[in-house]
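Each of the next two complexes has chain A plus one other chain: chain B in the first, chain C in the second.
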Partner chain A sequence: MVGELITPVFWLGIMGLIFGGGLAYASTIFAIEVDEKVPMIRGVLPGANCGGCGFPGCDGLAAAIVAGDAPVNACPVGGANTAKKVAEIMGLNADLTDRKVARVLCNGKNENCTEKFIYYGVKDCKEAMIASGGSKGCQYGCMGLGTCERICPFDAIHVTADGIAVVDPEKCTACGKCIDACPKFIISLVPASKGVHVDCSSKDKGKDVKDVCTVGCIGCQICVKNCPEKTISFANNLAKIEYAGCTECQICVQKCPTKAINSQLKKLDEAANS
Partner chain B sequence: MDIKHSTFKGGIHPSYQKELTKNKVLRPVSPPETVVIPMSLHIGAPCNPMVKKGDLVKVGQRIGEPNGFVSVPIHASVSGEVISVEPRLHPNGQKVMSVVIKNDMQETISEEVKAKGDIDSLSPQEIKDIIFNAGIVGLGGATFPTHVKLSPPPDKKIDFVVLNGAECEPYLTTDDHLMNEYPEKVVHGLQAMLKVLGINKGFIGIEDNKPEAIEAISKAITDNDQIEIYSLHTKYPQGSEKQLITAVTGREVPSGALPMDAGVVVSNVGTAAAISDAIKTGMPLVERIVTVTGSAVKDPQVLTAKIGTMVRDLIEECGGFSEQPEKVINGGPMMGIAQFSIDIPVIKATSGILCLNKKDAYVKEPSLCIRCGKCVEVCPVNLMPLYISEHSLKGDYDKCKSLHAMDCVECGSCSYICPAKRTLVSSIRVAKREIVANSRKGK
Partner chain C sequence: MTSLIIILLSAILVNNFILAKFLGICPFLGVSKQVETAVGMGAAVTFVMGLASAITYVVQYAILVPFHMEYMQTIAFILVIAALVQFVEMVIQKTSPSLYQALGVYLPLITTNCAVLGVAIINISAGYNFIETIFNGVGGALGFTLAIVLFAGIRERMVTSPIPKSLDGFPIALVSACLMAISFLGFQGLL
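And now, the complex of A and B:
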């Protein structure tokens, strides 16, 4: 009875040792090299696997950050604290202070901009583009049909009642999906810390802009001449603020004849009164 | 002569409305005060303007220099003074660099315009050069340069030339009038194309709702072995290139391939007539036939218009609007492009100007897909429009690609037949654009 048991137990034990040895050998030979930063970053991420970053779970995001496909602050749930820890692991501290957000560079609200025709089709910017570039009078302007709103994973961009899309800088993670989706190419990344922007993308000449929009850049270059930091450039009939040199003095905001340059900051005179 | 009958699978039978202009006499539009000639009259690179403000030009003089292989020169359609070279509104909805000429009403013909001889004495290359220099493009609507079409790569053997006289778009009678009035030009142009390609077999496909045109063309054909007429079943989109090839030759153009892969070159009858003019008189392509029709036009007409004539002038020639137009379309109702202004010029692609009143232009609010499968039944290229559209609306363009969205010919049969009035073809067009954009990005 006992002898009948000993033989199979013995052989099973031997086989177990052989297979175990094989597995141990294979795990060293076929080991996949993982950047040690990946598990470290994975450790500081929240671990909820919500997918809010647009990557497959926290593991996916950790790998993407290490591979350079995602910014260190890509986790919308963890916020600034997580971003700081991730940046430490990655050795990138500068990135944090230079957080970017998307901005729709158009202020062509319904009250400011003309319409060319009545558009009957599907309420989608890409579909409207096929119909003579959309019904908006300005061919560069935001059509307000919400393709960006639908693609944003963070609920950070909305078409307002005024008929243009506006980004909520608090929620925006600069993932770039709206930038790719916009058929007019008028969404771009701006530094979140800066408050003065040229809210116009029109490359038309001044007269053509004036015909269709009251708040468009008409290419008068008054801002270029008046900028004390000489940080406004001008090309293709459009002024552009080079954010690195901008001190937010708001002189351009005051001088712009069409109010194409906007400020989210307190107006200069208000600031003086308070 | 023996006339063969044939057709293709699928398609629809829209209300043709051709009787509005069918029996009207083709006549030239009164000379326009000014013409606006955009430097983009063809598919491919736009031309560079060769004239400047103040220059005097003559009819047929070259004013636009071609830019690249898929490009053809542009010629002045009237004589007079260039009053400006500036961006003007183009029927595509964008502003395009255009040459504006004030007509001196003298119709002075340029010295460059002279008869080139007859087909027998010209070499194939000479004919091809004449076609290129005359600025001839496909007049069916795609405006693809004809000399490119007639220059197949050496490994592609061309067996037939098929002339497209189907004119399956409702309302339009442009090609119908052309074939009735100038059948000999159509046949002569086809002979020139056969000579260029060095082959000896051509077909002319005409829908059977144009019996007079079929008769006129058969009378003009001298050599029955060389050129045959096909009477095609009246059905939309019979004039679509690939459907026409299937109907006439029985061949099918492979997915993603061009007609030349099936050994066929297809060209519009208008293009053939333009080639004939370029050889016989030397006059480049400076005018075309335009059908001005629809429920909002007082007196629908078929007019010969100089390229660059304003659409507003054309409509005035037809007595103006009978009522407020709800929609003005450049082309036919199925594939034409709705316009937001009538201050646009007639271009080489303008086969018709269709003005619809509120009742005719009414679009029902789309509702949900009921999975009836009618769009699948009518699709002439055997696609499943409902699924492509569904995935396109969700933004899943890879799935659209795997459902062969790129083979869609955008005929609009699916949108027409859809009982839920879903805008199938426009969402498929979005998918096609996105697929092309993604493949450029290398995704």
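And now, the complex of A and C:
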């Protein structure tokens, strides 16, 4: 009885020992020299494996940074702090770029925008997109069904009571997941430091925009003509602010007849007060 | 000699592990997007299967049978295969990092590739001797390589073909795998 028990344990143990020893020996022969910086950099990266940097996960980025294929500030999620730590490990100065955040370029709140029909389907933007492009009057407008909210790994985007998704710039890490998830393609990365945005993505003609939305860009180009920095461009019936030249003078905000250009006034007021 | 050739041909064509026995489907579908990685996977599987056939034969007749532990067959064979796969992984990581990247998770998954355990157990149950075992193992692995490389060639073409959206990806891959299996059935009359 005991023998029946011991024999297999003994022989399988012997086999395991032989294979284990063989593998241990092989691992010294086939050892690969891993740069010790890789695990160190991997340690300071956020570890969300979001892929926002364009590399396959944080391990991929760490290897790319050490190999010199990626800059030290390649991680959009970690921001300046992570870049600084990575730069310390790499022995470089971090050339810090402007932090970016996602922004939903639509202000078509329920009170501003009409509905084509009442949508009773699955509460998901991609599903609603199949039903005649969603119930929103404007085919470019945010449907507010929260696909972006559910995909955001950082709890930074939420559908408000007004029926559109709004990004919390404090929490947003510019990982880009919502940008890919949005079936309307109306989420963009904008510089976090800039406060004036054209909150409309409609490429329709002015009359069509006016019919469905009170705050859409109607393509009047008043902002283009009035911008002192000549930094607003116009294409596809839509004004676009080139953020590099924007001084946040807010002339466009005042001149826009439909208030499609929004400024984060609160933020600018605070800046003025301080 | 004739019987060895018959075993080899039968393992490659007639009793093809993927298309006739439906073993090892996971890497067949997972690593068949590019011919190059498919060849690498085939080579890794060929090495593991050939060596596993030989070692499991020795384990079976030198350890399991004399000590009446045939019931431990599965565990002992898995131990052999797992150790071999670890070894192959080390070799590939050292010699070809790009192939290592391309094979990804499917390389350690050779451990659980049922074709490898399948060939070891079939060798024993068919009562092959040592030489026949190795021929059957290598033949089975070559059949695996043949199927996965042919399939990868088809899938490379499929990427550029106008495939209906509902069939895009795995559905069309499974349909074409099925058609391949049917065409391989034609080899049944060979022996």
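To be clear about the criterion, the second predicted complex is superposed on the first by the 175 of 274 C-alpha atoms of A that agree within 3 Å, B and C clash if a C-alpha of one lies under 4 Å from a C-alpha of the other, contacts with A are read in each partner's own complex, and residues count from 1 in each chain.
Quick note on the criterion: contacts are C-beta pairs under 8 Å (C-beta built on N, C-alpha and C of every residue); 3 or more make two chains touch, one makes a residue touch a chain.
None of these values were measured; they are calculated from a predicted model.
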Exercise for review: With the two complexes superposed on chain A, say which partner A:Lys116 touches: chain B (first), chain C (second), both, or neither.
Suggested key: first
Check your understanding: Touching A:Ser132, do we find chain B (first), chain C (second), both, or neither?
Key -> first
Check your understanding: Which partner does A:Gly22 reach: the first (chain B), the second (chain C), both, or neither?
Key -> second
Review point. Which holds for A:Ile151: it touches chain B only (first), chain C only (second), both, or neither?
Key: first
Review point. So, does A:Glu88 touch the first partner chain B, the second partner chain C, both, or neither?
Key: neither
Review point. Should A:Asp124 be classified as contacting the first partner (chain B), the second (chain C), both, or neither?
Key: first
Practice item. Give one of first, second, both or neither to describe whether A:Asp162 is in contact with chain B, with chain C, with both, or with none. Key: neither
Practice item. Based on the superposed arrangement, let me know which partner A:Leu12 touches: chain B (first), chain C (second), both, or neither? Key: second
Review point. Residues of chain C touching chain A in their complex?
Key: 59, 63, 67-69, 72, 75-76, 79-80, 83, 86-87, 90-91, 93-94
Study note, to complete from the structure: Per the touch rule, the chain B residues reaching chain A in their complex are 92-95, 337-341, 363, 366, 393, 395, 423, 426-427, 429-430, 433-434
Practice item. Would you pull the chain A residues touching chain C in the complex into a rising list? Key: 7-8, 11-12, 15-16, 19-20, 22-23, 26-27, 30-32
Check your understanding: Can you list the chain A residues touching chain B in their complex?
Key -> 116-117, 120-122, 124, 126-127, 130-133, 135, 139, 151, 208
